[in-house]
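Common to both upcoming complexes is chain A, partnered first by chain B, then by chain C.
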Partner chain A sequence: MEFPPIYSFPPLYTRQPNAVIRNKQIDSWIDIILSISKQQSLWEIDSQGNFIQQSISLFENKDIDRTVSPLFIKEILQRMVKTQKLVARDDMSDSTYCILWKNLDSWASLMLEWFETTNKLNQVVTIYELTSGDESIGWEFHSMPDPLVSKCLNLLVKRGRATMLKDEYNKYIAIKVV
Partner chain B sequence: MECWHHLEITASGRPILRENEKDIFIDYSVGLYDGKHRVTDKQNGRVFLTSQRVIYVGDQQPVDNSVFLELDNIKSIDYSSSFLKRSARIIIFLKESSTLIVDSDQKENTDKDIKSSWKCPICAYVNETKGEITEGTHNSLICTNCGIPAEFTNIVDSLAIRSVKKESKSNECPSCTFINHPRLTNCELCGTRLVHSQVNLAKLKQRNHRQHRVSGVSKNEYVQLSFRKSDGTLFAQSLEAMLDKLRKSDIFNKDAVCVNGVAVNDDEIKKFQESFNSNDNLEILKDKFNSVGISGLERSRENQLANNDILFNSALSDMNKLISLAHNIERLYKGSNIEDTSSTNTQHPSLIIDRDKFLNKDLFLDEISRDIYEYAIAESRDNETNNIMITLVDLYAMYNKAMRIGTGFISPEEMREACERFEKLGLQDLKLMKINSRILCVCSQNSLNYVAAQIVNLVTQEPGSDILKINQRLTSNNDGKSNWTTGVLTEILQYSVNDGSLVIDEQLTGIYYYKNKYW
Partner chain C sequence: MGQKGSKIKITEQDKAVLQLKQSKDSIHKYTRRTSDLISHEKQELKILIQNNPKNYKENKKIRFLLKRVHYQEHLLDQASDQLINLENMLSNIEFKLVEKQFFEGLKNGNSILTKLNKEFANVDEVLDDMQEQMAYQDEINETLAQHVSGVNDYEDEIDKELDAMENELMGKQKQEQEALPNMPSVGRLPELENTKPKVGDFTPVKSPANKEQQGQEPALLA
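Let's turn to the complex of A and B:
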């Protein structure tokens, strides 16, 4: 993992009392989170700040022995939700978030591009094929978790470019892009 | 305006007192009149009455418009109350020219300096008489040996007249004839005031000189003080009392009952004896009453102890007198050079700001404000950069401890109000500042930014410093002198953090400061 130099700056781990400075501090944290998750292809984070796929404790720096307090972590995550860098995985609860190091629109466009370049237009493609199939290796959305994929594809449906197919449990499993 | 002398004042517009001078009363909004004419640039100021002078300090441009008048020069005063538009006034009559008196004094002196010696025709004893003997003065020619008056014609052969040069250096005590060091003012042996002492003579001369100047140039024999706001009665009364006291202090042995066993004042002696007798009688009665049994023994023991106490006390006071005399002599031996340097170092007595002297709270606060200003400046005079920053709480404690003992502490509210007046009174160097909108500090104009910059600099050099380390570094940078208390430093750090120039790293062990290099 490559961290920016600010990651070893001890005041980063203390919630700054000055509001202007604190805003910038939170922005710094958001940048770190997004760049790390992009590096490591991390998609989901829980409300305590732990990544789901990999056990990386980003908010604890063992090198300089500093830890961010849980309250401040919550504040950072809430800011990310507000600026749409995070989106709740299930609409019901907000215990787990999806990290959007690209916003949903760009993901949708990227997927559309994939459909066009791989000649998958006008045929049914399963979501598994889209995110874990051999043809999508090398694309950024490879290994994207299902809840996030369906959010992106929903955008395509809204644009009128796709139709979703559900299985017997009322879960999206396939898509046809026209 | 010749009777008024130019006055030295401090930065806060208060007069510098002389040694042994005490201030007595202050009045405000006073104008000066020379004779009947108002003095144009001295119409609004404060007037101080001290034990030696009447001092006027102008409210505008106090450095140029401050003068004083010696109480010695005042003959008498007259008070006229306010009437319609005319404000209350004190008319001060000055002493008239003293040239005549001085001249006659000198003549007398020359008379005394001539001594004539003559031989008694009866017993051949050589007599010495003061003054020149001529035919006209034969009446007083009585031989001190045989007591027989001599005829001028009989002694004219042996008559020798010589002028005795008065030795200015001999400083003979008038009562015990001991010849003292010429600079002593009191006899080394018996403590009598020495008339021929150089110091006393010099003072006399000075005074005469002053009076010459006054009488020579100034045509007006009186000046006036006009009280614009107050009615001035208190000032007049205290001035009158002071003059009275001054007159009395010139009389030697004024309160003595007897000198060398000869009664000075019969009434006093009688009174004294009466009181003494009555006391005596009472004592004897008591003794008789209580002399029986153990209680009597106890009583007599108590009396003895009390007597011992009195004896000790008087012995101690004698000791003190002796020590002060010894100090005097010691200073003489050290020589005049050292004396000069030491006199510049000695602190002038400060004005005592007593609540009783002020007519209302406003005036009292004005004066307190000047006092605090002076105190704060003096406290940090060693500081090269002249940056002062004291929290009001610290200043309050320091000022009360240092200046207000014996004159009544001031309250915190008074302190704050006094400090708020700096600007109004034209005291530019200090101001009251609210840091972080909660702590009141008295500081000089740029001190906050100066210290903040210094601290940021320090933290840049050593990231992760806590307040203790910062304080130590500031102290070592300043040659071991630190003018910043921890309280002030905390506030400045807080200020810097709010400012955004510093960021904090809060740990269990404390708060560490870093320069804000990222945000």
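Let's turn to the complex of A and C:
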């Protein structure tokens, strides 16, 4: 993992009392979270700041012996939700978030590009095929978790380019793009 | 399906393809899991052999693990075959759909062609009529040609008349020439002899054969 130099700067881990400085501090944290997520293909984070797929303790820097307090982590995450860098994974609860190091629209466009370049238009494609199949290896959305995929694909449906298919449990399993 | 208001329809074929793809996905998942398992167990096997370099052939755990690896590999092979079968099936379906489109295109083209051909239904009549008209045209041409030949006969008469007139003229000139010796002599004979060839140049007017040659000359030159 490559961290920006500011990651080793001790004051970054303490919530700054001055609002102007704190805003910058939070922005720096958001930049770090997004760049690390993109680097490591991290997709989801819980409300305590733990990444779901991998056990990376981003808010604890053992090299300089500093840790971000849970409350401040929440503040950072709240800001990310506000600026649409995070989106609740399920509509019901907000215990888990999807990390948007690319916004939903860009993801949707990238997927559309995949459908077009791999000649998958006008046929049913399963979500598994889209994110875990051999044909999407090398595309940034490979290994994207299903909830986030559904959100992106829903945008395509709204654009009038696609229809989603559900299984018997009312879960989206496939899409047809035209 | 679940989306109301969307215009994209899910056909029965799509559903069938979806089922195929779902089974393909699960086999894909299985092969991935199994190959992970195999590589993991192989790694374990290596560690075990490294730990017991002497009697690893007698070690039951190692033998068991190796058997398992073989069995898993066998399963993986089967799964890959099935995956290939499914993929073949899918591409067959896809190709059949393309063929269906091709066939429909052919059918449409054929119906348009027959429709167009129907417009040629009375082509025989038209052709017969045309032949009749052409025959009639020939008849007219022939009739006209006869008229032209009649004119030619007339021209012969003209020629004859012209010849007659010429003969008449020639007769007069001959008489004049004959009359010349009767004219009083000039007395200077040598001078007259010099002019004689000039008179000879003009004499062809008198003979019809020479006249024809003169008439043909420009035609040859052209």
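Just so we're on the same page, the second predicted complex is superposed on the first by the 178 of 178 C-alpha atoms of A that agree within 3 Å, B and C clash if a C-alpha of one lies under 4 Å from a C-alpha of the other, contacts with A are read in each partner's own complex, and residues count from 1 in each chain.
One rule holds in what follows: a contact is a pair of C-beta atoms (placed from the backbone, for glycine too) under 8 Å apart; a residue touches a chain by one contact, two chains touch by 3 or more.
Predicted, not measured: the structure shown is a model, and the values here were computed from it.
Mind checking the superposed model to see whether chain B and chain C fit together on chain A or clash?
fit
Roughly what angle, nearest 10 degrees, sits at the C-alpha centre of chain A between those of chain B and chain C?
140
Touching A:Phe9 in the superposition: chain B (first), chain C (second), both, neither?
first
So, does A:Gly138 touch the first partner chain B, the second partner chain C, both, or neither?
Neither: A:Gly138 stays clear of chain B and chain C.
Counting only touches as set out at the top, which of chain B and chain C does A:Val20 meet: first, second, both, neither?
In the superposition, A:Val20 touches chain B alone.
With both complexes overlaid on chain A, does A:Gln123 touch chain B (first), chain C (second), both or neither?
second
Touch check for A:Lys166: first (chain B), second (chain C), both, or neither?
In the superposition, A:Lys166 contacts chain C only.
In the overlay, work out which of chain B or chain C sits against more residues of chain A.
C
Once the structures are superposed on A, label A:Val178 by its partner contacts, choosing first (chain B), second (chain C), both or neither.
Only chain C; A:Val178 stays clear of chain B.
Nearest CA pair across chain B and chain C in the overlay: distance in Å?
In the combined three-chain model, chain B comes within 45 Å of chain C at the C-alpha level.
Write out the stretch or stretches of chain A touching chain B in their complex.
For chain A paired with chain B, touching residues are 6, 9-14, 16-18, 20-21, 24-25, 28, 66.
In their shared complex, at which residues does chain B touch chain A?
464, 497-500, 503-506, 512, 514, 516-519
For the complex, which residues does chain C have touching chain A?
For chain C paired with chain A, touching residues are 1-3, 6-10, 14-15, 17-18, 21-22, 24-25, 28-29, 94.
Report the residues of chain A in contact with chain C in the complex, numbered from low to high.
That would be residues 123-126, 128-129, 132-134, 157, 160, 162-166, 170, 173-174, 176, 178 of chain A.
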